[in-house]
């Protein structure tokens, strides 16, 4: 894929660089900056040309302050990205998000692209289409922590002028794996398109955009975020027939089918006792 | 056109199979099911391979109950499809719709694709764009009966869990015939795309989608129904110059031009005494 | 209660005059007209001074045409007012409503006040507040027939200029009887206020107003219908403590508690298999 | 009426002080300021205690600049207040409004209460209720000039920080005179309440509020302007029976009845050729 | 004040009982239950008749689980209620809220009334009126923690069926103290009315209501929460003249005047660098 | 570019024909009419085949009346198109617009395509996406005059049935020149597409459409104007990398970056003292 912008940032920071998405994004982001600083808890590939590799736990306030030094903009992919007990989600995604934003404020960072999640609104139904300004209906502790991050981003913009694009990522995978992904899939190239748009738009305040490809089926309408300039180019359509053939029967009364969040809505050591949402209204 | 889904239904039912749309759809739908049951009041082509042909008046409760036996999903195109006296519309479209839904409920059918009509909202103006959740403004007894069908569908979903996609069909014809069709045209291929989307979406509750092609001019915005996954591929544009040349003068103060419903708004043995609607607001 | 308007209609028609509401309204309406024509299927009190009593089944087209002769405005309370099989609801509430409107059109009647029902939207939740322009979610065949009547009213206004105020009546009783009525109660005096407002407003097109008193708890917001001029003066509040003491335990997961329609949502010879709606969204 | 605020402004300016409303307001406003400056084109009552009387045509830029010197806040009632040819409305209401705002900006005035008019939205129907943020539908050159004034106010706030409350005045009269006034009437006391609220609210930006009393019937919903703190105490209701008796017949198809603007919509030397608006939608 | 409901709960829990609001509420709540359990970190008044006093830090998971045993409904007023460093807000308001909800779920508690705050939306302007479903714009770490609590409540309802009314409390004080309170004041009696309404409404899902009295000036519109049944009876109006006289000059360009959150928007050891919000739009 | 419609108007009038846009449009429009009348204050190219050239100042009422004789439809590009003192904008854009509409009404012209401007809403933020029905926030006297023109158009439709499409033109240039143009650019070909759509749509009432190409980044959503039938085919994307490289640093706190109107918001002989708008909300 050709370069998507004429901008070249002095130093971008990618957190969560050891994760699956982080590893995919690292070489892609390198092209848009002089220096790419990557960080994570865990060991990463050694620094290549124009790279800086830092081990920095999100929970460590001092480490985060140091990490943000000299950073123009952050792509915050660090933290827990699946459902976990609250005690696990809390330090990584809540304390960690606070540490990141506070460090960014103190270091004068201008913008954060926040890897939020569709699980912020996972309790809306698969039978409805929503805009980004709906009331959050998180489907998990994970989704709850991402809703916290979005509110934090709004606060840091309103109070401190620090801008954020919150991306409610769908299913970012090389290929869609099941029928839910026909709606939620975000290709790797479209992820790059979205990140570059979020970094290069001159003014964003705090904007929220769903991260999905140009799938024929979707639950999300980004009409309110056109100023961010994201235009997906990929689609889950080529996988449709094959995935539908593989998974012909879906029971629409099961929670994981009824809700956009899929299996997230039933995870954890307790039975599902919630209420189906506003489909059909 | 290639097959649009990897799903293959065990038995689909197409009502109204002797009608113009029914005859067009019959061979197209065959591809998506093991058995296609087709029904109508009138004689139809004899059953081909994998087909079942049933004469069943919509008004006949017992016949409808038998008709729905073993059916996975219905494409309900039966009934009156033009303006008629109320006494004609009533048995076919109101009693008939009830009989169909009640039979479907009793037989355990999971989904109905209901051929509703743009005439449910025909009294909105040609100078405005509407969403599918506007208050109905039917333009005829026919439109009124389709509005009834949509409410019936909502009830059967809310009360009995039976899902429906109501399609407010525009002008489904081989080619657009006049300037109104530049906005309202639905190509045969796009109709197939829409039906397959409505059948294959895993969860739909009761969803309403306007059935028109990707025409440059339109009065309808399907933003609230993206989860159904309909993406038209055709357009009335190639016929534009020719139709405009053929019909150069349109008086925008005449009811049939002012309203989306076109000539439906003035049909019947009484003069038009209504009020122009919210254009320009 | 003193008279609520300086208008005096030449002839008002009250249908359903033998019903509970009809009998309550008959003496109240007499004050606002020179002649009050009352009609029903069944025997009624003999005509008093300035009254005309007519036996006229709603299903009888010719009888309805005669009934509407010389009528300025109608208060249409006739038909079935509880849940019944569709075959019972159909002639009374669907055919009957058509006969009434068509007769009114032919006789030049200017306005109809239509006794619609909260059961048009009975599948909205008791945990949410709705406006009158929401998508109908009828909870019964009865509610479905009232939704039909509203659409019919819209059509006769758009097409023929015949105006209607549709009143989605809550629970019109001398006193609230249970905790649901704390929200849905409409006092007899407030009913009179609402009918007189609907008759006397100079311009109404087709307007929809919920019919409830000024109850502290409510599910309905009439903000879009202020032009009708209804201002309730009564409240269910004086009965609150007593009704709450009488019915202390309500299980919010039972359909009749979850939905505004109350027991209507579970009536009929089939189990409830529907889906709870958008509460909490 | 007792004083409505504990604030006492140093100097208020009332323009249009020779007009009907101006004369009514002059003694009322005096109580809320040390000095009340009043201005008009025409002769006014001589200055009383704490008053300053200035002849200053709105079209005279220099005179307006002088007029605004030392003024804390303005109540702008000057200009044409009925329908007139555009050539008459232009200098008084368009040039005049510009001169006032530009003078206020240069003199450091902090707030303007702008006497706008319901005729900014006079082409909405009497059969609908509107919010203050609807698209303007002016019914006259007069209404058009008031729409200009509102946009000017928005501009001077956005660009220069000068705050305005635009009041879309209904029918401000000692008593309602006809049935339209049952909806549109604004009592003199309520006018004072509204002006004092608009002057004393700490922050208003540019806010728009309809100026009507707490009438049972209304076409306007001030829900979006509660921060201004206007609570009407009067009502047209006591005059209802008498006005309805006096004017029993209203033809809802006549433009002056259909539209909120009343006779304004048909004034001028040309026939009415417009289109009835969104009633009944 | 007389008792506001005929319901009598078996056991209510009031957290934060040692705080200012907690002490005010304790005797009021006693009337609505057989047993009132009160808890806090700090020492409280000894248990009176029908009371249980428990020292239980919100951060202590085991203590919270024990605290919730046998509780029908909770009034959650515990935690930090002013702006504090994030490290202080986190354990009390974020971890504490989680512990409360998780304990409630495990113990089968049916409903929580959550003392949220207007500071969840404190960055909206004092020159605008908002509904409860706007996107959160917290003005402080405190406000951020309350936004978290609301999302947590939504999650526990959607996932576990545990109902909450979130009350965005304004300024709950014996009397309004400054001009901001003219809009934000919530009297003690109205607080009781709101809590009782929130406890006694049969179905609430997760509903959000602003907690303010019936003040003439307000920034908040509870139209979407009428089903909760809160009707304030008090008003800040009697204090208006006196407070306006005491504080005659307010600079609308200062952040604490521009924003609904007042001084909260400028607290903390850093200068205000945010952006004024949507006033005047 | 091929001809975009089969319609051929008898006589079109293009005002402002000596301006930059006028000169570009003149040969393009010629193809759609038998006679193209062009007008301006200043000298123009002499009349070609099928052309009529008229010098007619917009301020000259009599000249305008003559100019409109025999005209089917107008493309009104005349007047001031950059920020100027109010005294310059007034005659050209306010008096001039009135003269044009009044002349059109008297001459029986059926439709006007009005060159409005994005500066009608220039005080919305570059960090938000708006629909065409938002409350105007003009950024200049120029923008204010265009807002006046739109209201005038609405009035002439509502009162006289004269239709208008108001086009809020972005940056109509051969190529985008700076990063703001990446969002606001309208190619010459897309301008032609938009004008032809506005002329050929059978019914438009008064419709408002933003005039921009299919740019990846945009601030404007034309969802409410699909009935006009504008589908842009060009995009600013090919210029992106080059413009971003040329203008790498944008300070989002400067008014000209924060607001959609760009430098218009700071023009004039006075400092910017306004308030940043609703970004991030």
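When the chains are written out, they are named A, B, C, D, E and F in that same order, and each has its own residue count from 1.
One rule holds for everything that comes next: contacts are C-beta pairs under 8 Å (C-beta built on N, C-alpha and C of every residue); 3 or more make two chains touch, one makes a residue touch a chain.
The chain lineup, named per UniProt: A, B, C, D, E, F = NAD-dependent epimerase/dehydratase family protein.
Keep in mind that this is a model prediction, so the values were computed, not measured.
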Neighbours of chain C that also touch chain A are B, E
Find the pair in C-D, A-B or B-C that has over half of its contact pairs, by residue number, in common with A-E.
B-C
Taking all residue numbers at the chain B to chain F contact, is the shared part over half or under half, that is, same or different?
different
Return the distance between the CA-based centres of chain D and chain E, expressed in whole Å.
39
Separation of chain B from chain D, taking each centre as the mean of its C-alpha atoms, in whole Å
50
If you average the CA atoms of chain B and of chain E, how far apart do the two points sit, in angstrom?
50
Between chain D and chain F, what distance separates the C-alpha centroids? Give it in angstrom.
31
Could you check chain E for residues that touch two or more other chains and list them?
135, 137, 154, 157-158, 161, 205, 223, 253, 275, 277, 279-281
Touching residues of chain C toward chain B in the complex: what are they?
86, 90, 94-95, 98, 102, 105, 123, 133, 135-140, 143-144, 147-148, 151-152, 154-155, 157-161, 205, 265, 270, 272-275, 277
Complex contact set, residues of chain C against chain D:
3, 5-8, 110, 154, 157-158, 161, 163, 197, 200-207, 223-231
Show me the residue ranges of chain D that touch chain C in the complex, using the header's touch definition.
125-129, 179-180, 182-183, 216-221, 223, 240-246, 248, 250, 252-253, 257-258, 279-281
